[in-house]
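Should a chain be cited, it is by its letter among A, B and C, assigned in written order, with residues numbered from 1 in that chain.
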């Protein structure tokens, strides 16, 4: 029997959530205000959870490292949010969204969680519209939809190319209302540096005030992490510069299992890297693939500008390989295809790491104005960054790290194996399996925050009344002392290399050895190199300044130190998962035509890692995935 | 009273007051101009107009009081706003630049003050007649505005100050028209360009109209008719 | 390219700041402005000096964190966010002044980083629609004419960077507040709280010490989200109407 109990309710798939909600413990309104909840992160999941829990009557403290909760990186999501509304009457349904998501995730997600997500999706749109999210509309005043990768129905709701910003502003405005009412206390520019466990339960956190450097402890009845993903382990990614693994990784070191860290999503349509000074990668929304055609020259080493390459010498490789989904093939598949083309020497641009995304045909078909209306802001961003006008010459795109499906392990209630520690949004592992479909991250973040956690938190809290420890408890003192010691140690090294140089080196190493394609050989190399890099970091990093001041170098150092440990865990997970699935592509496991080859016999499970100490190998636990409602098929988009 | 206190206490309320009083003053400027231009129709017409105004002292003083009130409110409120605006940028930029600032916008306050000093002189000059002894012995009696204006502008200093002040007034108005509509919230994206251009055109039309009189006097197109 | 930088350095909110000269060398034209500062900071740290502090996060023009006044213009010469400004807009050897967003309501935190929480507080005063989770009706039961939805979207695009305040000669926040008010006022969902919203937000805006709009439109010229000044018109219209309704009717 696995140590991981997912607590999936019994009964038919479509009744599970309803039944579970009914069976979940309620807390009477008078008692709710006696509970305090800490929420770390203020993105879609964190802000929606804080607002909803506060609305229910809980006392909430919400922490974020940004200067305002509205800047959390959910804001950068461009394309849209999926919902099984079937407003287009094109055959969509809860079951179809469920099926698409399970299949898109390469059959490595829990059926019950994904079904619940699909069920809730429709309520999310209702909630957001009620808050005033300005979704795109048709002339008749009805909501408009577009299609997205991995789906053959139009179920994606969008607000220009900034759906994430609009949804986050919706959640943020609800959060603001609760702050004004005194139900939420907001702590901006405050970073969580450790989790406090008292008698086996998560009861508080240690934070650092990023302006004054003050290290403080906060106690609560439970802790909710909504701190996002770990894509910045690669240094270059589409994540914001501040995104980090620290909150989840420190929780992991305090006992929370980290599930499927090797599942990382490489987004196919990003602007290619232009030099080694580059600090981040910019995504071009997947929605561009609705009207843009992806191609590469048929000939190796093609030097002509794209306009001069005749039609016969172009290879529209996605349309060729996946005729039924074409340019809308899922992200992992599209990314890998682009990589293959570049590996063959057919890549474009100076570095040879890029393929074309061409709008010539759409402009002919729809007119430049329609294209401008749909994607104008994306074309502008592209021009600002590259200096090229995509109305005249095709965009150059290349895959980039974008999202991480892995995260802390949680049960059906979104509680980790540590009682009292809940994990929401990208920070958990629950809904996307090995690959996330476009427009599903926003859906998951809001589902977790608005609808799941308010219903499930009571199952834990109901037994906790009056058990909140004081911050004078020895465990709090110890955790605080540990944080101070670690900070002093970082500041005391005064070596010769900057924090960024370590981060960059780690990122490059991860991208080369644990990126779009991995092999036993590459992973073994990574596993031998990361510890020595980490050792060098702790001997030779130069963290300038002191603790009692605003110190961006210190902030980064703490995060990079965690990435240097986490990267190893990621490679270990990738090594042990001896199959290819979704975002995890092992070169040894592929079909003759280069598609991912799953091993359902041995690996239809979640791998959750238990931390066992600084120099000890973590333990791999597994949770078997049961597929009772979908047939485990080879994923085909042909 | 609660309404007025809250309104005047708010930033937007003060802006409204400046805009509304500005609108009244623009109306007055245009009315005054129409009166002025009668000078080209000969002494009888304009002198009759002056006599008519003085024949209804009640209404005249009501209008004058209202105008003075608007004038004072316009200035006092603007100064209040300007003081708050200075305070809102406690520390200045070491390198200051702007993308949009046109002379008209930059000189709203300065130009306004030039106009204010002119108005004081102008009232003393033509209305109270304390600056020029000759205005008490006009050829056609007390209401011989025609002769008074011509005598007044024959002095190049007076005419020069007048033209300068009208220039600043027009600058003020060229931004002011459009600004009033924006502050009163009646400007939309669609009418913005026409309103801006129309406002500037009107301002410079007013300039031409006012300046026509001293120019005509200095070039001897207008002379005192004994 | 090589550049002469004049950068505002200030230890913390209490201390005095000053302009310090730096040379930024070998800057690629394809680097972003913030990447240029990254390079400078790497060079400073190599010399054991403390890096220049500035706010930044997403580096793709949407989070609104970056906030530099470059040669006197908020976000610099290209009407984008600072992170989307590329060095190809500058000339080799050019002198560049880099200062924080200046306003009494935006106190400097350190160097080029300022505290813009006044903008959060304005929204807390009423910049929301009260919509309880779980009680929303079907999304398509609220019809919104496309024109209104587009107007709401145009205003909602505001990224809360504060460039409008930084560029305004009066440090006024009316473009920001106007955008928030217009977003909700354009939608049927925003009507029930429309009056209270504008009254409370304007009151908070005044309390926070922002200046007053005098229709210079510098804000519109630098706004990276292209918010038009017609949102200030909307604010100017809605406020007196709400005040009349609240205190007279």
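Just so it is clear, a contact is a pair of C-beta atoms (placed from the backbone, for glycine too) under 8 Å apart; a residue touches a chain by one contact, two chains touch by 3 or more.
Here the structure is a predicted model, which means the values were calculated and not measured.
S.K.: Contact counts by the stated rule: is the higher one at A-C or B-C?
M.R.: Between the chain pairs A-C and B-C, A-C carries more contacts.
S.K.: Need the central chain here, defined by C-alpha centroid distance to the all-chain C-alpha centroid.
M.R.: Here the chain at the core of the arrangement is C.
S.K.: Let me check something: if the centre of a chain is the mean of its CA atoms, which chain is farthest from chain A?
M.R.: Centre of mass proxy via C-alpha means gives B as farthest from chain A.
S.K.: Can you give the whole-Å distance between the Cα centres of chain A and chain B?
M.R.: From the centre of chain A to the centre of chain B is 63 Å.
S.K.: Just the number, please: Cα centre separation of chain A and chain C in whole Å.
M.R.: Their C-alpha centroids are separated by 27 Å.
S.K.: Taking each chain's centre as the mean of its CA atoms, how far is chain B from chain C in angstrom?
M.R.: 37
S.K.: By the touch rule stated above, which residues of chain C touch at least two different other chains?
M.R.: none
S.K.: Report the residues of chain C in contact with chain A in the complex, numbered from low to high.
M.R.: Residue list for chain C touching chain A: 11-12, 28, 30-32, 34-35, 38-39, 42, 45-46, 48-51, 53, 55-65, 78, 80, 84, 86, 88, 109-110, 113, 115-117, 119-120, 123-125, 127-140, 142-146, 149-150, 152-153, 156-157, 159-160, 183-184, 186-187, 189-190.
S.K.: Looking at the complex, which residues from chain C come into contact with chain B?
M.R.: Chain C reaches chain B through residues 6, 8, 19, 69, 71-73, 97, 99, 102-105, 167, 169-172, 174, 202-203, 205-206, 209-218, 220-222, 228-230, 232-240, 243-244, 247-248.
S.K.: Along chain A, where are the residues that touch chain C in the complex?
M.R.: The touching residues are 48, 51-52, 55, 66-71, 73, 75-76, 85, 87, 123, 125-132, 134-143, 159-160, 162, 164-166, 169, 172-174, 176-177, 179-180, 188, 211, 238, 240-242, 274-275, 277-280, 282-283, 381, 384-385, 387, 450-451, 454, 498, 500-501, 542, 544-545, 549-550, 552-553.
S.K.: Would you pull the chain B residues touching chain C in the complex into a rising list?
M.R.: Within the complex, chain B touches chain C at residues 2-3, 6-7, 10-16, 81, 84-85, 87-101, 105, 108, 175, 178-179, 182-189, 192.
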